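Each structure below is given as structure tokens.
Next come two complexes built around chain A: one with chain B, the other with chain C.
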Partner chain A sequence: MRERVGYLPDIGEEIIETKILTFTRKGEVLEVEAPLLTMKQMQLVTEKVKTASSEVLKNMSITEIISIIDTAIEVLLDRHSTYRKKAEMLLPIVTGYDKEMIRLGLTSFLKKFRKHELQRFVVEDLGNPLLLDDFQPRVKRGYSKAVGPELILHVWAGNVPALPLWSLISGLLVKSGNIGKVSSAEPLFAGLFAQVLVEVAPQLKDCLAVVWWKGGDEAREKEIFRYSDVVVGYGSNTSLESMSRRIPVTTRFLPFGHKVSFGVISNAALDSRKALTTAHHAAFDIIQFDQQGCYSPHIFYVRKGGNVTPAEFAQYLAQELESYQKRYPRRTLTLEEMTAAVHWRNQEEVTSFSNPAKQVFGQTDHHWTVVYEEGAAFSPTCSNRTVKVIAFDEIEDILPSMLPYRKILQSAGIAAAPKELFRWAEKFGNIGVTRITALGKMTSPEAGWHHDGGFNLLDLVQMVDIEHSAEEYAEYFAAYVD
Partner chain B sequence: MEQQQIINQLLTILQSDSLSNDEFNQNALQLFAYQFTNNLPYRKFCQQKGKTIRTVKSWKDIPAVPINAFKEVALTCTPPEEAERYFMTSGTTQGVKGKHYHPTLQVWNLSMKTYFKRRFMKETEKIRMGILFPTEEEMPNSSLARYLALAKQEFGTEESHYLLGDNGIDLERVIQELEQAEHSGEPFALLGASFSFVHLFEELAKIGRSFQLPAGSKILDTGGFKNQSKEWELDEFYHELSRVLGVPRKDCINMYGMTELSSQLYDAGNEQVPSIKSGPHWLKTRIIHPLTGEEVAEGERGVIVHCDLANYNSVSSILTEDLGMKVGEGFLLLGRVQGTEAKGCSIAVEEFIKAATEPTR
Partner chain C sequence: MKKFENKTVLVTGSSRGIGAAIARGFAVEGATVIVNYLQNEEAAEKTVASCLELGGDAWAIQADVTSESDVNRMMNQIELEVGKLDVVVNNAFKPYVFNPETRKMFSQVKWEDYQEQIDGAVKSTYYVCQQAVPLMKKQTRGSIVNIVTNLVQRPLIPYHDYTTAKSALIGFSRNLAVEVGAFGIRVNCVAPGLVYPTDASRETKEEVKEMIISQTPLRRIAQPDDIVGPVMFLSSEWSQFMTGQTLIVDGGLVMS
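The block that comes next holds the complex of A and B.
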């Protein structure tokens, strides 16, 4: 099977070179053909996208843009549309994730970009959506308008499907030209979205591009970074750092590094009736995309004093993971990942010898590992359904071990009573956590969330002020002046 | 069985020419029973896997201990404080180094000498050596320092020398030695860590020097050369080694050793890379599927497991982090499983550790 991915605006008669990326899953082979532009073609694309977006997108109202995105999302939510079918068929091969997991994941993700959610998205950041269309009066007098950059370059990473939509749609909402570089691990979905978008709104055909080059390609990146007003980068700190060295000081860089997340469970969620559901929710957060997301939990802190003890909860969690394995099996790991998993597991086993309170559940040939421990250090696992359950008495006991990692903390999934929720949220917020969410919802952030504590749109735009003085001054020069 | 009995038996095996599969199996099972009985953490490890003296019927069933375990527990059949020497692993997990205890170095020494002679020295009895590594006195807990010291002591001529100074390679000294060899026509052996050779290339390149060592000269490199100023491809490395020193690639031998073992493995030169590596008759290597532990078919990639009878005091079977492929009587070493980076945006352990040690910006 061969599939051409990406999306290019009209740059005339050009021969586009492609790079073939091969994916195999359970005997199915998919060759993905990704556009690899020459420097000159890259320049043509950036110019085209800049011009078109300033002529077309910038002259559309935010309401129009939202409704176009909404229509495109409708198409992708429709299980009978060819695009959706293609995504459901090809994404499992590309990413290795289970088909059903992808299907459900896509739906729950795409739902967040429908009209009402998008409106919320805009209001969330700007208060008044019309700021994107026109100068709006301000309380302090004067007027302001939010102007998006001419060109945003997105450098995506990772294999979690559809994730590029967050930044791409944000870029569209601020009426910018957008060029996205897909990752080699999931080069498919961003281009697919672009194709749908242009099908429902042909006038946008030259306003965006989705391309590929090998991450870290210095010459290419240096060149294109020069043309971009904003670069939104995803990846490890090492790759972001090397990216930042190639970005000129006049280009704004918004780096999204890798992050680590965890869950916290109150004893209130551990009575005999609720504990099973709690474990079910926790297990879902682990199995969804095999913990590859920045929002995926690696540790569950479980408070002592419930009807179900933390150690028993670990056992519940192990059972839930085992039953999820039947419904949504883990993707096939590479030899490297398997070896890492086995070593991680073995090491946990070995350390449990000198620590009688520590327990390692499951066997090497299980597709998950749960470790129960008391007073353990805060540390990510090797992902792919490996998790630690750590017992605690008071929330204050676990905070110090997280403190050194404030730069890389992200989500905390919480199962607790309202009072506790707010008390804990306060504590976690102080040490660097930027998102508190329900257990079972860790892998699907709400529309308008502050990704890593930042703003989706506000960080992209530039505010233009008309000060009151200018307005007043202009009055002198009006034709109607007496 | 008593320790002394085990040692005596081993010394006999090490001096013999070969070992039948049955004999290997029998010895491995005996050793397993001894280690299961006397090495407490190992016994727990086995029990966790449901393996006991009764259920382990073949050397292939012996639970292999991941090298990381050496950092977590003392894997020894005798009290650690009674050990004549311990070697420390180079890699660390959050600052902790693993220790491999040797109640006596008798077995380790004989293992080294016997197989070094067979795979590196071959017909040669003594050769003038230059060593690109610190001395045993400088690094008493390095198994590689011990290895090279023993090589020099047993197989080096009187004129053999260490060629490192206080600040790394003593370039002047190295050039002197190489020139001397060129002039005298007497074969010369240069031994050391792979990364030292990389430094040597760089230094020699700066001054534009290269050498043509006399016939019969040899090179022995060991370890990797990752994290150097430049990432070297294997092929490039041996090409350069051969070009700069004028030693044919068939005489550039790579030793594959681990602190966690008591024996070493070698290739028969590096005309082609990756080369086929193999160990002595008292060590067997398996290539396994990491999750099932089953051996993979010849020509398939898997994780390398060694069963080294000379590891009598710790654990005979070691699960490495190296990937390999079985080829004929040996295997190809395909590199180390680096802390695999997550495919998504979740953080990898190594990056995580780095995050905590870096100053907040």
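The block that comes next holds the complex of A and C.
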């Protein structure tokens, strides 16, 4: 099977070179043809996207743009549309994730970009959506308008399928030209979305591009970073750091590096009835995309004092992971991942010999590992369905060991009563956590969330103010002055 | 020696889903499997191919099991080719969509709906058994396994026509068990809960699956492979002193 991915605006009669990326899953082979542009072609694309977006996108109202995105999302939500069918068929081969996981994950993700969610998204950041269309009066007098950059360059990661949509849609909402570079790990979805978008709104055909080049290609990156007003980068801290060295000081860089998330479970969620559901939710957060997301939990802190003890909870969690393995099997690991998993497990087993309170659940042939420990320090696992359950008495006991990770903490999935929830949220907020969410919802951030504590749209735009003095002064020159 | 070596096994409706999984299960244990199918020749051939690959012998026979002449033709063919029949798994049923949201309410169910399901479940088993029992009598040995549903014990969702027909099949099996026990033939049933994914359960929503999972001790819903073991157990001499029984295979959702 061969599939051409990416999306290019009209740059005339150009011969486009492609790079073939090969994916294999359960005997199915998919060759992905990704557009690899020459420097000159890249420049042509950049110019085209800049011009078209300033002529087309910038003259559309935010309501129109939202409605176009909404229509495109409808197409992708329709399980009978050819695009949706293609995504459901090809993404499992590309990413290795289970078909059902992809199908359900897509629906739950895409739902967040429908009209009403997008409206909330815009209001969340800007208060008044019309700020994107026109100068709006300010309470302090004067007027302001939010102006998006001419060109945003997105450098996407491939850990979770369809994730590029967050930044691409943000870029469209601020009326910018968008060029995205897909990763070799998931080069499919962004281009598919671009194709749907242009099909429902042909007027946008030259306002965006989705291309590929090998990550870290210095010459190419240096060149294209120069043309971009904003670079949004996803990836490891190392790759982001090297990227940042190539970005000129006049280009704004919004890096989204690796993050670590965790769950905290109150004894209130561990009574004889609720413990099972709590474990079910926790397990789902672990298995969804095999813990590859920044929002995926690595550790569950479990408070003592429930009818079900933290150690028993770990056992429940193990059984839930085993059930999920049957329902949504883990993807085939690379040799590197496999070695890391075996190594992690071995180390945990060895240390459990000298620590009677520590237990390692699951056998080597299980596709998950649960380690139960008391008083252990915060430390990310090797992902791919490996998790630690750590018992605690008071929330204050677990905070010190998280402090060194302040810069990389992201989501905390919480199962607790309201009073505890807010008390804990306060504590976690102080040590760097930027998102508190329900257990079972960790891998599914709400529309308009503050990704890593930042703003989706506000970080992209520039506010233009008309100060009151200018307005007053202008009156002086009006033709109608008597 | 493999458990079903030199045994002939007929699995009705085994081109896809649960039936195909059962056929493959027998093939692994060395059986000669007859893959009966109604329409989907391509799928049936695929099942045959995987049976061969797994070390069994297999071939596909097209026959509508609700047609007496079709069943007779199929059974004659089996008798001619192999000369005996050790196990019959009556798995075929009239296509049915398990969708709690679009299921027919009692006021909407016509008698024809019941009739269709009764034909699919009971008439088909009746035709197959009429032919299979004489073959098994010759060997004073045989096992018949009929696939029913746990909905008989607990109609979590009232699929009136489907479940009524399967209830009748349990009654049919018990009566037959009493009579053919004297010839060394056993008749039992396997009652799965919701099995996903199959063509019939494709439309069942996640919410329903989650609802079932939350009440299931083994914390998931069944997959086609989960049904294989109990069917093979009832087909083998491991269950030699069991007849007229229904084994529920649903992770413990229903206990009886």
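Here is the rule we go by: the second predicted complex is superposed on the first by the 482 of 482 C-alpha atoms of A that agree within 3 Å, B and C clash if a C-alpha of one lies under 4 Å from a C-alpha of the other, contacts with A are read in each partner's own complex, and residues count from 1 in each chain.
In this text, a contact is a pair of C-beta atoms (placed from the backbone, for glycine too) under 8 Å apart; a residue touches a chain by one contact, two chains touch by 3 or more.
As the structure is a prediction and not an experimental result, all values here were calculated from the model.
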Combined model on chain A where chain B meets chain C, clash or fit: fit
Which superposed partner A:R226 touches (first chain B, second chain C, both, neither): neither
If touched residues of chain A are counted for chain B and for chain C, the larger one: B
First, second, both or neither for A:V342, with chain B first and chain C second: first
First, second, both or neither for A:K145, with chain B first and chain C second: neither
Which of chain B and chain C A:S323 touches, first, second, both or neither: second
Partner chain(s) touched by A:R120 [first = chain B, second = chain C, both, neither]: neither
Touched partner set for A:R25, first chain B, second chain C, both or neither: neither
Which of chain B and chain C A:N237 touches, first, second, both or neither: first
Which superposed partner A:K427 touches (first chain B, second chain C, both, neither): neither
Superposed arrangement (fit on chain A Cα atoms) - minimum chain B/chain C Cα distance in Å: 20
Doubly contacted residues of chain A, that is, touched by chain B and again by chain C: none
Contacting residues of chain A [partner chain B, same complex]: 95, 157-160, 163, 185, 234-238, 256, 258-261, 289, 291-294, 296, 298, 334-343, 346-347, 349-354, 360, 363-365, 379-380, 382-383, 404-408
Chain C-touching residues of chain A, taken from the complex the two chains share: 100, 104, 276-277, 280, 319-320, 323-324, 326-327
Interface residues, chain C side, partner chain A - complex: 197, 206, 213-214, 218-221, 223
Complex contacts: residues of chain B adjacent to chain A: 40-41, 44-45, 48-49, 65-66, 68-69, 72-73, 289-293, 301-303, 319, 321, 323, 337-349, 351-352, 354-356, 360-361
